[in-house]
Amino acid sequence: MKQRIGFMGLGIMGVAMAANIARAGFPLTVYNRTPGRDLELKKFGVTSAASPRALGEASDVIIAMVTGPEALEHLLWGPDGAAESLKAGKTFINMSSVSPMFTRELGERLAASGVVFIDAPVSGSKKPAEDGTLLILAGGPEAEIAALSPLFEAMGKSVIYCGEAGQGSMMKMMNNLLLGAMLEGLAEALNFGKHGGLSMDAMLEVVLNGPLSCPIFKMKADMLKTNEFPANFPLKHMTKDIKFVVDTAYANGAPVPAALALLQVFRLGVGQQWGDLDVAAVSRVLQFLSDAE
Amino acid sequence: MKQRIGFMGLGIMGVAMAANIARAGFPLTVYNRTPGRDLELKKFGVTSAASPRALGEASDVIIAMVTGPEALEHLLWGPDGAAESLKAGKTFINMSSVSPMFTRELGERLAASGVVFIDAPVSGSKKPAEDGTLLILAGGPEAEIAALSPLFEAMGKSVIYCGEAGQGSMMKMMNNLLLGAMLEGLAEALNFGKHGGLSMDAMLEVVLNGPLSCPIFKMKADMLKTNEFPANFPLKHMTKDIKFVVDTAYANGAPVPAALALLQVFRLGVGQQWGDLDVAAVSRVLQFLSDAE
Amino acid sequence: MKQRIGFMGLGIMGVAMAANIARAGFPLTVYNRTPGRDLELKKFGVTSAASPRALGEASDVIIAMVTGPEALEHLLWGPDGAAESLKAGKTFINMSSVSPMFTRELGERLAASGVVFIDAPVSGSKKPAEDGTLLILAGGPEAEIAALSPLFEAMGKSVIYCGEAGQGSMMKMMNNLLLGAMLEGLAEALNFGKHGGLSMDAMLEVVLNGPLSCPIFKMKADMLKTNEFPANFPLKHMTKDIKFVVDTAYANGAPVPAALALLQVFRLGVGQQWGDLDVAAVSRVLQFLSDAE
Amino acid sequence: MKQRIGFMGLGIMGVAMAANIARAGFPLTVYNRTPGRDLELKKFGVTSAASPRALGEASDVIIAMVTGPEALEHLLWGPDGAAESLKAGKTFINMSSVSPMFTRELGERLAASGVVFIDAPVSGSKKPAEDGTLLILAGGPEAEIAALSPLFEAMGKSVIYCGEAGQGSMMKMMNNLLLGAMLEGLAEALNFGKHGGLSMDAMLEVVLNGPLSCPIFKMKADMLKTNEFPANFPLKHMTKDIKFVVDTAYANGAPVPAALALLQVFRLGVGQQWGDLDVAAVSRVLQFLSDAE
């Protein structure tokens, strides 16, 4: 018999992921703090819960996909929170992006209840969420993660096992460090070339058609051309992730020369009030640091 | 009537590019400093010249694809050099990777002869050279470059016009800055993740299947897994390119925080005698800087 | 009538400071966790307390000069701790080096008792402590600090008022950032000069006789000459202070390019097991990063 | 018999140095490109030459103290230049600040004439020049430098032998690297402290009365307090020196993490049009990079 799934957090990503779970035939209950977000899921026959707690009681596997630690805290331990409904035999999966440290604390707080705890942030944004082609970065007990394959496969193209709970988030941080280095690198190379007399169009044509071309560069190319940066992944979130990388590297002795350079540049952008723009606005920071032409 | 092409420099890249020119039906003469490299081109009916000068005399368009400034100097102004055979009505195309500065000097020295000078380094390595899918980064007179489209299209999938002579090399430097940032970023992220308890295989699976995946990462993944770095693009060449970027940025006022971090890390690798390994050996530098585990 | 002073922590600094308090004629009670350290103070007629609590009960003004947060925690809230004896009308002065954050927490925990809390770390090491020429960096209620002038003047040549409690420690961090930049700068310049063919003796002669000469460089010159680094101020403590600076700067938006460079270099030294050497062992780190000669 | 001295370059430093030579009783001829600068030397009975060449002919030892390579070039090889008058048996001492590289080239160009070449830049500015307490950083043949002690001692408090010609300039670069690190460190620490709520006066009191206090900090304190930076040593010159350090370190394998951080910050100041201000204007750069308060 199919397990009953509960899904909390119907933002841009969450709605798409929940829709894919429902399409795959799982009995699904949903909850969102702001009401009305469940309307477009009605056609899939999903049930709406009146509270996180009600959702928890109606589900075997509870998924959270929210904006961060505060929202998670509220859903679990706020009024009518889900925490009380979590008990042995149930599984709680956090797919929201939070730090490995917060994830481990979460795991410890939930341990007493006997619930199985899995952390499973994703790589990929809106489009892969809709297409069900996310990469799922899973940390927690390996057998339970394997047993949940059908559920994960409804949302993503593959599940990558990262280790114990917290390691999914660690993988996400590793990936975001690389993402930061690549986007800053792109912005820095383009700005360097511009000062050397190259045209933006020609440079992007070279990058996007050669061995350095990747989906993320294609996604950001228009922002860089137009110098407008509507947030997909806000600069301030990336800045926080890089600070996490620097702190963790300080503790475990990994050298992070790029991360330290990124920290300076990204933090400067936040200080210039560009933190709510997309991370590609690092390009603005480099312009700010350039000689007047 | 097809123009007569001369091709000097039959290294790994050069042989493949010359073969594609011959296959496209251009009458082709070749020359290589070390003899014997022309054997595998015989089947295409190419002619071998006894000297750069002889090649220059037998050709309308002369291409050089050699290891750097010294080799170019030798081919052009060494004994029986090609320079004397270059004159008005002929075209000289340098496809070797050299600095924009050297390129501009080259252009000035050739100007007196009346030859048309084009700089056209490429993005892409062995495989794209064989498949004729290189990106050609062309600087020089735009009309002449356009008129040579059939020749360039024999070697590459597209010709990107970069500006006057020297700007092809500038484009190459811009691209190599990004390449350096991406490879150091990958090595740094992987080393960071390893210290955080993640497995190399899982990390590469995430990177190579998500939005950061690109051909260059796929090419280098095995090196990073095995910690062996047979040179494709040697670390010492990348280090020199990054020094060029830093010097140019100092002059023209572009901020290059990543390039400065790269300069430290790459130069340290050269100082540790890893300069002849592939640039991906930056991974060794990061291990060298890590706490003992 | 003179206030009764209690002094906890008879390390190298503490013994010298306590001796100066006694010499100035203050009635003095002392305590040290490891017994026997009070022997050399006997000649000044000081009383030894059996516990921090006993010391607190016998004193109006209680001073702590210990190795860090753990030791303070133990003295105050450990078995027979001094905290219980602190009450309205008494004053507690922490002269140990701890972070501003820890200092503010300490102040909050002590607030309920009604005790006046002052933080007063010092600038200067063994010699100024013995000579009574320390700089005292005082944070807390200004009137109380002024009223304690005779006590502070027994230990130091001047009291610098830094603001509310916590700001004394902030001043100490500011000073240690500069100290770190100067010592790394000295080691880097000397190593650079050595690679450029200059002799260590000649370089130190230039530095120590010109406008850059300062007491701290004179103190460290022998270490740099002999490449031996018996700890005066251990590298690992400096590393922790620089991490504090980086974290604070991240929060309040001060750019710290030097601190970020220092963090890399100092942390590398700790990772190479040189953390217990003097901070001047940053010189070893620079040798480690140098090309083999 | 006293040697006849010729002194070219009567700027702020040069006038003071020439006056001290004359006071010491050496027969002195002077020359300055802009006329009138010799007036205040008349009282010492110095002779004015009509041209560098005339000065060279009238002197056994010729000293140059000018603004840089261009001025030296002009004095030596410009119209009526001194070069033609330099020959075996005479000595040419360059005390102007130029790079070791330029110094070595100068030495090579002068070698053919048989003149003895010494490079001898100084540490110290206007006041020590007037007081005759400069440090003289001498490179060249050791015996000749020793024989010139009376001359050098007229100008400075000591002569430090640095090695062959060029090494005096190398010593100056080593010293300027340290100077740059100290001034940026001071500006960074003060800006950090200001963002942490400390007052500028209190911070300077701590720095200037503790073990980090040095003459250079005392000289710059007012600039930092008032945020006005009349040039003593212009930021653009320091920036050029740090670029020299980075280039040299790249070549000889010395790690220069601080120099790379300084290069970014100083170059940014030049790009913001603060290059003609004093190097202490690095404080402005740090303000520019700070969060708005």
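Observations on the structure shown:
Going in written order, the chains are labelled A, B, C and D, and every chain counts its residues from 1.
The working rule: contacts are C-beta pairs under 8 Å (C-beta built on N, C-alpha and C of every residue); 3 or more make two chains touch, one makes a residue touch a chain.
Fair warning: this is a prediction, and the values are worked out from it, not measured in the lab.
With every chain reduced to the mean of its CA atoms, the largest distance from chain A is reached by D.
For the pairs B-D and B-C, the count of C-beta pairs in contact is higher at B-D. Copies chain A and chain D of the same chain sequence form an interface built mainly from equivalent positions, shared numbers / all numbers used being over half.
Distance between chain centres (mean CA atoms), chain C to chain D: 37 Å. Note: centroid distance chain B to chain C, computed from Cα atoms, is 56 Å. Taking each chain's centre as the average of its CA atoms, chain B and chain D sit 43 Å apart. Residue numbers of chain A whose C-beta contacts span two or more other chains: 253, 255, 257, 260, 264, 268, 271, 289-291.
By the touch criterion stated above, chain C contacts chain D in their complex at residues 100, 123-125, 128, 135, 137, 157-158, 160-163, 167, 170-171, 173-175, 177-182, 184-186, 188-199, 202-203, 205-207, 209-216, 219, 245, 248-249, 252-262, 264-265, 286, 289-291.
Note for the complex: chain D touches chain B at residues 243, 246-247, 250, 253, 255, 257, 260, 263-264, 267-268, 271. The touching residues of chain D, when paired with chain A in their complex, are 268, 271, 289-292.
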